[in-house]
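Below: the structure, in structure tokens.
Read from first to last, the chains carry the letters A, B, C and D; within each, the first residue is number 1.
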Amino acid sequence: MINKVVANAELAIKDIESGMTLMLGGFGLCGIPENCINALVKKDIKQLTCISNNAGVDDFGIGLMLQNRQIKKMISSYVGENAEFERQLFSGELEVELIPQGTLATRCLASGYGMPAIFTPAGVGTEVSEGKEVRNFNGKDYLMELAFEADFAIVKAWKGDSAGNLIYHSTARNFNPVMAMAGKVTIAEVEELVELGELDPDQIHTPGIFVHRIFQGKNYEKRIEQRTVRLI
Amino acid sequence: MINKVVANAELAIKDIESGMTLMLGGFGLCGIPENCINALVKKDIKQLTCISNNAGVDDFGIGLMLQNRQIKKMISSYVGENAEFERQLFSGELEVELIPQGTLATRCLASGYGMPAIFTPAGVGTEVSEGKEVRNFNGKDYLMELAFEADFAIVKAWKGDSAGNLIYHSTARNFNPVMAMAGKVTIAEVEELVELGELDPDQIHTPGIFVHRIFQGKNYEKRIEQRTVRLI
Amino acid sequence: MLDKTGIAKRIAKEIKDGSYVNLGIGIPTLVANYIPEGINVVLQSENGLLGMGPFPYEGEEDPDLINAGKQTITTLPGSSVFDSAMSFGMIRSQKVDLTILGAMEVSENGDIANWKIPGKMVKGMGGAMDLVASAKNIIVAMQHVNKAGESKLLPKCLLPLTGVKCVKKIVTELAVLEVKPEGGFKLLERAPGVSLDEIRKATAGKLIVEGEIPKMEF
Amino acid sequence: MLDKTGIAKRIAKEIKDGSYVNLGIGIPTLVANYIPEGINVVLQSENGLLGMGPFPYEGEEDPDLINAGKQTITTLPGSSVFDSAMSFGMIRSQKVDLTILGAMEVSENGDIANWKIPGKMVKGMGGAMDLVASAKNIIVAMQHVNKAGESKLLPKCLLPLTGVKCVKKIVTELAVLEVKPEGGFKLLERAPGVSLDEIRKATAGKLIVEGEIPKMEF
């Protein structure tokens, strides 16, 4: 096996530079690469393009990079819950491209699967279709959407091994596997880095071939956005 | 949950009719739906179109359906190891469409993922590209290949539950998950049908939503095509 | 006239046994509470879960287990988790039978607008465009008129669209309406205490009234 | 002149540390036996496995665990299993660094023919077309001439193609040759005991010989 382990987030992101395009896994604050985001915030880089389903909240997740004015452009499906985001957007400091969630996921998948473009009905007849090729198959219209390119994909998994194999936990899986497949360089942070051979080959969600660097993260906060409970 | 359990292979395939298109999981003889194939062989149906990576061997797997003259057309990537196949092909009784293995897998995936077509470089500049649209993305040529339609997809898994959730074992996974997603009706036979809740939601390879019928198969032969061993 | 709970209850009656359903944020989420007993329904959450269970008990929240509204939830025996690509794969391939979602406007040909108000902060369409472009059956849960008192059932949507010709049925505080393929809102049921005139006044698009219109039943 | 083992041994030297490699059926499969120590290589089998291990000991064969040649194999610590769509996904997205496969013919511009002889039973291309269309680096392992004594290194392939302009290197019983992007087989090494003349005679396509041609080393 090929050893992909690096010591920590700082080393994992050491060659990320201003102006690059990053994919960041997670849905809301669930399954986001907390350690790498914190390391990015400490690094003197800006003008980043971030592909991520959401943009965090004001004081957590990608919101911290926004506070720090490191992001030039967000490509997301939903960006609520973030006052600083709104401010930068209206002031023109921040560019935003909103795309349907399934289109976002599938454009990542396309990249990981070596497909330059995919067809989806999402957005046909809406402003999302502007400037895009519309094509009819079997009587239904589809948009042709291009695969996403990203210099780095940064994902968070539950368990991983030195070969880069990843297993996610529950709905913290979300965009992480598709982004892991799509980065020119893919960085994975895991809650637990286990011994080679400990993960059942049948249960691996992301095979190590897609992962270039892996490290065991620390101090996961795992903030909950909407704590909903039922009465006993 | 929705209960997808049927009693046996005969009931699972009861409404498969002559002239239909079937997808059959497996790679070589590994991970093939043995019970359903045996039930199909006993049924008075013919003129079937079968989408399957291989065509079995003379006396096992899809080869039995060939012996029985039930197949009009095979869509496969590799069809060696089968004398009756060769005989029917040369006599003109059997039609064969050979397509690249990755194209086969991805055309199934496309169907399951609601994508009417995909782009692949496989076959560009070869006879596989005849009559197909070639399109250049970023300086590279790709063929547009259409999603596969199948009346029934028949797959084999290791474990499953009444909700239709499936887990495969080792490389017997192969085409089964992508075909499971692609059938208008998907039939799954499993070695072990377990209690609802016994399968870890994180470890399910095929979510039950894709599966319409499931049953516990019996008497699995699991024939080995190339028994290779090393000396102690 | 119905309250939000009433709308949710009425929509719950539309859910067929053995179906996979995606519930949007807001009133649609409430629908889960009123699914009739004996009806087997599997809720799909587009962030990657089939078989969404109820909210967890206090202290049992798992930050890794949320729904598309980012609420803490639970799984059920038979649940499965998958990634976002597969989630929208099953949506696009119409394995999800029914989508219930809110709307700002619906047009008489079934167009829906529910994601953007020009000049206001736009949060994004999330998974709504994917859902409305693919679902076999789409039911909209919404108020019949907006806060300014203007009808949300229009000849043509004024707001940017989420999807075209996709809404099959609408349940509001006033009525249940079917969107006809040839255009027009066909009145199916009136809410308790609501007159035909009130519905007519609140419906800017073409309203089709044929024969006696029954009162909603729950 | 090399035997099959020799060809496999020589190709093994081409494998870089830290690479993912797909080995075709025949001589390429033998390459696995000669990968130098200290070189970390992960073998991909396109039926859905990364980290292919050696054949199992007698009695430990698992019918569910085979490679693309349908041989019983084993996994290694760190192996992973996946479905055929993901397998060819990683091939198409060029995560597999090197593909080694056999051929019936290679042309001087890198075209390869290895799946079909008109008039004979055609078994199919399997995964070969996907592999040659996508791999960053493709090495062909084959005999320099066919059983009729005709060269397999041609100006232009005569048999139906498997892929175009894709082969980077060829290792035969006679020589190691690089396929130049501008066309031509550049002779890199001679097999032990093989003269330049023998190679010239066995090569129908344009052979490029520059300077002294070293003997193969193992």
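The rule is simple: contacts are C-beta pairs under 8 Å (C-beta built on N, C-alpha and C of every residue); 3 or more make two chains touch, one makes a residue touch a chain.
Since the structure is predicted, the reported quantities are computational estimates derived from the model, not experimental observations.
A.B. asks: Counting one step per pair of touching chains, how few steps separate subunit C from subunit D?
C.D. replies: The least step count works out to 2.
A.B. asks: Which chains contact both subunit A and subunit B?
C.D. replies: Touches both subunit A and subunit B: C, D.
A.B. asks: In terms of CA centroid distance, which chain is the most far removed from subunit A?
C.D. replies: D
A.B. asks: Going by the touch criterion at the top, tell me which pair is linked by more C-beta contacts: B-D or B-C.
C.D. replies: Higher contact count goes to B-D.
A.B. asks: Per the centroid of Cα atoms for each chain, what is the distance between subunit A and subunit C, given in Å?
C.D. replies: 28
A.B. asks: Rounded to a whole Å, what is the gap between the Cα centroids of subunit A and subunit D?
C.D. replies: 36
A.B. asks: Residues of subunit B that contact two or more other chains, please.
C.D. replies: Residue numbers touching two or more other chains: 106, 113-115, 120-121, 169-170, 173, 201-202.
A.B. asks: Which subunit C residues sit where two or more other chains touch them?
C.D. replies: Subunit C, residues with two or more chain partners: 49, 75, 81-82, 85, 88-89, 91-92, 134.
A.B. asks: Classify the chain contact graph as line, ring, star, complete or other.
C.D. replies: Here the contact pattern is something else, fitting no line, ring, star or complete shape.
A.B. asks: According to the definition already given, which pairs of chains are in contact?
C.D. replies: Here the touching chain pairs work out to A-B, A-C, A-D, B-C, B-D.
A.B. asks: Touching subunit A in the complex: which residues of subunit C?
C.D. replies: Interface residues on subunit C, with respect to subunit A: 45-49, 54-58, 60-73, 75, 81-85, 87-89, 91-92, 111, 121-130, 133-134, 160-164.
A.B. asks: Would you mind writing out the residues of subunit A in touch with subunit C in their complex?
C.D. replies: So the residues of subunit A touching subunit C come out as 27-31, 53, 76-80, 86, 89-90, 98-106, 108-109, 120-128, 158, 169-178, 205, 222-230, 232.
A.B. asks: Tell me, which parts of subunit D touch subunit A in their complex?
C.D. replies: 18-20, 40, 42, 44, 49-51, 75-82, 85-86, 88-96, 134
A.B. asks: Under the stated contact criterion, what part of subunit A meets subunit B in this complex?
C.D. replies: By the definition above, subunit A touches subunit B via 106, 113-121, 137-138, 140, 142, 146, 167-170, 173, 201-203.
A.B. asks: Residues of subunit B touching subunit C in their complex?
C.D. replies: 1-3, 111-115, 161-163, 165, 181, 195-197, 199, 201-202, 204, 207-210
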